[in-house]
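This is the structure, below, for whatever I ask next.
Should a chain be cited, it is by its letter among A, B and C, assigned in written order, with residues numbered from 1 in that chain.
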Amino acid sequence: MNISTIANLKFFYIKTKNISLFLSIITLILFIIGLYWGLFIAPPDYLQGNSYRIMFIHVPAAWLSLQVYIIMAVTAFIALVWRVKIMEIISIQCAPIGGLFTLIALVTGMIWGKPTWGTYWVWDARLTSELILLFLYIGVIILYSAFTDKRQAVKVTSILAIIGLINIPIIHFSVEWWNTLHQGPTVTKFEKPSAHISMLLPLLYMLFVFNMCFITILLKRIRLGIFQREKNTKWAEDYLND
Amino acid sequence: MIKTILLKELSIYIRNLNSVFLPLIFFFLIISIFPLVLGPDKVLLNKIIPGVIWITAILTTLLISNNFFKEDFNSGIIEIYLTSESSIELILFLRIISCWIFTCLPIIIFIPIVSLLFEIPFSSSIILVFTLLLGTPILISIGLFGSALTLGLSRNNILTPILIIPFYIPVLVFSASAIESVSIGLPYYSQIYILLALLMLILPTMPYLLKYTLEFSINN
Amino acid sequence: MESLKISVNSATCYKNNSVIFSDINISLKNSEIIIIMGSNGCGKTTLIKSISGIQNLDSGEIKLNNKNIATIGSDFKEEIVYVGHKNSLNNDLTTIENLEYLSAFDSTTDISNTANIRNLMKNLNIEKYKNYRVSDISEGNKKKISLMRLLLTKKKIWLLDEPMSYLDDESINMLINIFIEHQKKGGLIFLTTHYDFSKKINACKVYTMKDAELT
């Protein structure tokens, strides 16, 4: 914990205060536009009717759940190898956000499943992989919270996150394998729809909005993480008193 | 050095026969509860017993590996490992192997008896033993990784299983799939090859990973 | 005789946001002994763990002959013996077996000379426990067994954490004589203790650790 890194975290914390506020407002506006686009402008699907519209939440959330895990593991790697403090904080703060996206993807997937498959849950490859991903996130979060010494916690959780990333393709492959072996008739009904451009555009837009959401929440959480770690230092006390 | 360490591991397990027999007894106990829960329906039991055996194997390896490093940590021998110029990776490798030989191998040896009790066909039984031979070293290695991860914690009894069960999924899927394939007369070689590949991937890399994790766990 | 020098340069270590020790500078050359004293929980153990390379520093460095120990790795480990506060013995093995097991981690230890080992055990009054399981031996005698590593090794740098705990007065004096012998051979000793024996030994520096600093 030398002078330059403390200054670095302090610099980051103070400089990002306004950016964080600005991002929150922008993201909220973008999100409302996206919802309006997805719910009212985009045409109904000829097969699924209006129920497909939950895709505008489900697909970006599922995408982000994986993307955030990759970011978490890569930053964990950087934190371990080059001992960059800000990366430690980013990595560990990614976990709850990624877990949230995974949960959203699962819940929306279940809601979507009711009109499509007639049941809330089927053991299809994608939903099962997503569920396992949720358990991986939960593992990272609880391992981190179990340690009282947060610096040791970060190191140990980083290893878990990296090994988890190596394992995700293997797990995914095995689940695909398992699924093809036990494929029921209901699953084939849910093939990837050849999306029309009028549905694809709002979907891509929502993906962008979800990325913005992620960045906004992550920035807020990084600032929180910095503050938690540095709360005993002089600058943090000065900052609170101002 | 290899000889010394293996001999010592041998004497530790022989003097502590409980650590050899308890997993075995636990394994049989869990397997014999299933008919009590599901009813003595031969057809149903015969269909699910390979899966039951695998789930039980997972529970048993979890219990074996959960506190594997705890005793070493408390006695301080891990500090000796980490300050020694000897190859810690080799020592850890030997310990994984001896742990497997003394706790999992006895269970696998008794699998034919379980097969008799549940009337598993001979062909399935052979594949079951084969998948267990390939799969349990992977389970033990991953379990030890979990044990090393949570070494710095005073209470980790249920945390470690939660962390590592997701990593068990590939082994479980391919083993179960191999057994199912052989029972319905489909080829099962690819699943066995994948298990072998996983074993070949994990066994040589795990000692390095364990060493790295132990260093972090000790460092507090 | 090869010359060895360990230096600790502005070492700082944190735990849970609080400082364990900061800006510590000490150095140790051949035939020197450093004793670190201080109350419980003052960070003596963390310091000696840092010097043995188990504990990472937050800033500063530990050097052996002006080379950072983090970069020379096993070259450093070839020179040191670390005897921790814990006895590092396996309860299911006998005394002799434990010594054999521990010798597997130290290439300079020769365990084959049984007469020599019996002799050393006789000097320490633990000969009758030779074939006892360690779980049946008292704490003080366990400590002696773990300290026997020092008599069997040819390594020069000894890093000892609380070597005198559990020992009776007679054994402590014996240990001090062992230190003096080691010093004559040009050995370096770094130890933490509550018992100030510096008057009995030459070339011995005593530091007290208090409020994260050494004085």
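By our rule, a contact is a pair of C-beta atoms (placed from the backbone, for glycine too) under 8 Å apart; a residue touches a chain by one contact, two chains touch by 3 or more.
Here the structure is a predicted model, which is why all the values come from computation and not from measurement.
Visitor: By mean C-alpha position, what chain is farthest away from chain B?
Guide: The most remote chain is C.
Visitor: Would you mind checking which chain's mean C-alpha position lies nearest the centre of all protein C-alpha atoms?
Guide: B
Visitor: Tell me which of A-B and A-C has more C-beta pairs in contact.
Guide: Output for the comparison: A-B.
Visitor: How big is the gap, in whole Å, between where the Cα atoms of chain B centre and where those of chain C centre?
Guide: The mean C-alpha positions of chain B and chain C differ by 37 Å.
Visitor: Measuring centre to centre with CA averages, how many angstrom lie between chain A and chain B?
Guide: 33
Visitor: Using CA atom averages as chain centres, what separation in Å is found between chain A and chain C?
Guide: 49
Visitor: Would you mind listing the residues of chain A that make contact with two or more other chains?
Guide: If we look for residues of chain A contacting two or more partner chains, we find 149.
Visitor: Could you say which residues in chain C touch two or more other chains, in rising order?
Guide: As it turns out, chain C has residues touching two or more other chains at 15.
Visitor: Which residue numbers or ranges of chain B touch two or more of the other chains?
Guide: In chain B, the residues touching two or more other chains are 219-220.
Visitor: Residues of chain C touching chain A in their complex?
Guide: 12, 14-18, 58-59
Visitor: Using the touch rule from the top, collect the residues of chain A that touch chain B in their complex.
Guide: 132, 135-136, 138-139, 142-143, 146-147, 149, 152, 155-156, 159-160, 163-164, 167, 170-171, 173-175, 177-178, 181
Visitor: Within their complex, state which residues of chain C touch chain B.
Guide: Residues in contact with chain B: 15, 49, 52-56, 74, 77-78, 80-82, 84-93, 97, 100-107, 133, 159.
Visitor: Can you tell me which positions in chain A touch chain C when the two form their complex?
Guide: Those in contact with chain C are residues 1-2, 148-151, 229, 231-232.
Visitor: Help me check something: in the complex, which residues belonging to chain B touch chain C?
Guide: Touching chain C: residues 1, 4-5, 8, 11-12, 15-16, 74-77, 79-86, 91, 215, 218-220 of chain B.
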